[in-house]
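Two complexes, one shared chain (chain A), two partners (chain B, chain C).
Moving on, here comes the complex of A and B:
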């Protein structure tokens, strides 16, 4: 049950890639923050929908996953630098790691993240795919 | 503030210790340290214990009470501290602050982790990363370090072989450490041919799953010679925090928490990197050992790979790194690591490190990291 609530709480962020933008320094954050680490109380954070476009900053191919992620092994994970300047950690779909390199452009896709969490609940969220 | 000395240290054998329980591990470390310091248990005024996750590994919280109870030390006050794999460094630092402040005189700082009572320890280890925005995406702990390695290779031309050399040098030292989990030498070829864990990191780039405990006894420096002829003095104790998620770092190939803690420590000790004659770094993965050499200021950013390849980090090199064998060969019982690193530097400074002794050493350092660098502690010691 706790997994369901925990997933539900973040549905807007996970489904629509909602982050925060500081109205003082312009920095963009994902996930949503309540305080801008640069400006602290001088800044006010507003919600922003991220474009979902970015490029590969670094990546790895996971051969020894844990729990239910074993079902999809091996799979590619990456840190993506989004257009807005913030970085995000995500899986890369439709890749075995051979066709990917640092700097490649990627775009957001909406996918199933896991099937068998602690409570057997299917959860959805963001992944990225290489831009053709 | 008072100067602080270490008058006793201990470490249990590290390994997959099927026949030894959590409470027996920490008891053994504690009793050995008390014996080494030539004190009685009743002399202790406080205990600090570093432990990452007894809750997930042995389904036991409230270990402060359990440890004092099981070692026959009630009503000794005990505090459990946690910062993932840096829990041991924190326990040491909190013990040092308790003595330095004058609040307590004789204090024990210990660390313990019992990791092999669960079938799969990886979900517990993953809680050292950002559970919501890293682990929930399917990212494993080794893959976070793998992503640092790949970016370091991209930016600085670091090679797969140089990363392998970090493990090779660790094992060369660890082969001489009777308390190490894997006291045997390995070759670059063995590292490069070991199974892929998270590309580009392979099995022999990764520290193992380990049971173990370690302890140190602290007292005011002015009292140290009452207990021992070979006191070791704490010259600096520093700690810094970084973002918990790797993707939020200014630069994912620099652990800023290490840089901050190191700068604070050098200032406190009035020393430069050149003054350090041996260092125990937090090489949970080969890349992290390499980053530590850079972030602690021993070489320029990006030069960690060539430094290791040129033998700079060997026991007879310019800056001997991990004379104990490091996390890779000695083993990595998370909460115990920061204390075990301290024990090694103390043995080196006392001239008691056996076959792995570095000759004429007077100043040593320890570097302990939590998660991917969300916490770092740096300590400097002298004899």
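Moving on, here comes the complex of A and C:
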């Protein structure tokens, strides 16, 4: 039940990349923050829907996965710099790492994240793919 | 009458060739390809299912519709491979396209025609002014048992249609359905693979319903094959599609654009909606389209559609069917079996 509630609570950020923007310094954060670490009490954070467009800041190809990830091995995990300025860690889908380089443009996709066993809840959310 | 305000499609990246499947089961790939008119089929990644395909198609349809998703009053997802037996795919789509919470939503199931059934429901709600826009999706990650003839065609993909009255790119002129109780293909609750009646799926099932729906629509509209620039049918394989088209008097120029099964397989609930999208990708303003779906069990929905000037402004706003057909990567049977959860793996979740 704990996993169900935790997953449900994260739906806005996982489905639609809802982050935070400080109305004082303009900094954008993902995931959502309550307080801007730069402005503290001077700043007020507002919700922002991130565009889902960005570039690969750095990446790693995973060849020795654990658990369920064996089904998709080898797979790519990247730190992506979104066009709003914040960075996000995500899998790059439909790639085994051969066609990827730092600086490549990527865009948001909607994929399954994990299943809680054969009869548990299915979690969905953001991943990224190379922009064509 | 209601029309199509936007449409969007999604086809997974991976493909497997008929030769690769035939090699495993000792079949003659040329005989299979020639008999079914299928060369290869799409394969979903392990992290793709009907919900993810529906969301991708829905987001692409919104790019063309250019409407506020909060104005969507109904979402229907038609599929025979919903990820949950109880828990709607439509609510996942609704949240993922930011259409919640003021809307109605439900999952539909009618074998391969649940997507067009959703379009009809949305047409009714829009025409009665109960909602401003409705979102109807046909999507599947189809299952075919290993070595079954279905394994050569059962694939994955989907298409989404936003139905409304304002700023349409194509308008419905009429719809006609033909439905009977015909157990040609079915899957019992809890079973992983469907069963089918072999040759029984042909004349008394697919052809009876598709041809009757098409002829019913001709009668209702006062049209015949020569009045349409394009036609698309449900396509469990290429052979049935072409035979149905020819029996109704259509020529190759009219039916070729919507025939996708040779290149991506049978996307079940996605098949007719995807074929219609391929036609909309190239259709000119003023052209007339007939679309006829088929769902085992059995029934057909036929639509008469006219394309209008708005198509030119919206066509290039989202990926076209041919772009997704061409964007592909081949896998062998072993990887296909892993992706489709056909392998027993110790301690792992089987998808």
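Everything below uses one rule, namely that the second predicted complex is superposed on the first by the 127 of 132 C-alpha atoms of A that agree within 3 Å, B and C clash if a C-alpha of one lies under 4 Å from a C-alpha of the other, contacts with A are read in each partner's own complex, and residues count from 1 in each chain.
One rule holds for everything that comes next: contacts are C-beta pairs under 8 Å (C-beta built on N, C-alpha and C of every residue); 3 or more make two chains touch, one makes a residue touch a chain.
Just so we're clear, the structure is a prediction, and the values are computed from it rather than from any experiment.
In the superposition on chain A, A:67 makes contact with both chain B and chain C. With both complexes placed on chain A, chain A has more residues touched by B than by the other of chain B and chain C.
In the superposed model, A:113 lies in contact with both chain B and chain C. By the touch criterion defined above, A:11 lies against chain C but remains apart from chain B after alignment on the C-alpha atoms of chain A. In the overlay built on the shared chain, the residue A:122 is in contact with chain C alone; chain B does not reach it.
In the overlay built on the shared chain, the residue A:28 is in contact with neither chain B nor chain C. By the touch criterion stated above, A:39 is placed in contact with neither chain B nor chain C. In the superposed pair of complexes, A:100 makes contact with neither chain B nor chain C. Within the superposed three-chain model, A:130 lies out of touch with both chain B and chain C [touch as defined at top].
Comparing the two complexes, residues 67, 72, 113-114 of chain A contact chain B in one case and chain C in the other. Taken in their complex, chain A has these residues touching chain B: 6, 10, 31, 57-67, 69, 72, 75, 77-79, 87-91, 97, 102, 113-114, 125. Residue ranges on chain C touching chain A, taken from their complex, read 13-14, 45-49, 51-52, 55-56, 59, 83-84, 92, 95-96, 98, 323, 327, 329, 338-339, 345, 347-351. Chain B makes touch with chain A in their complex at residues 120, 122-123, 126, 132-134, 136-140, 142-143, 146-148, 150-151, 154, 195-201, 245-248, 252.
Looking at the complex, you find that chain A touches chain C at residues 11, 15-16, 49, 67-68, 70-72, 93-94, 109-115, 117-118, 122, 124, 127, 132.
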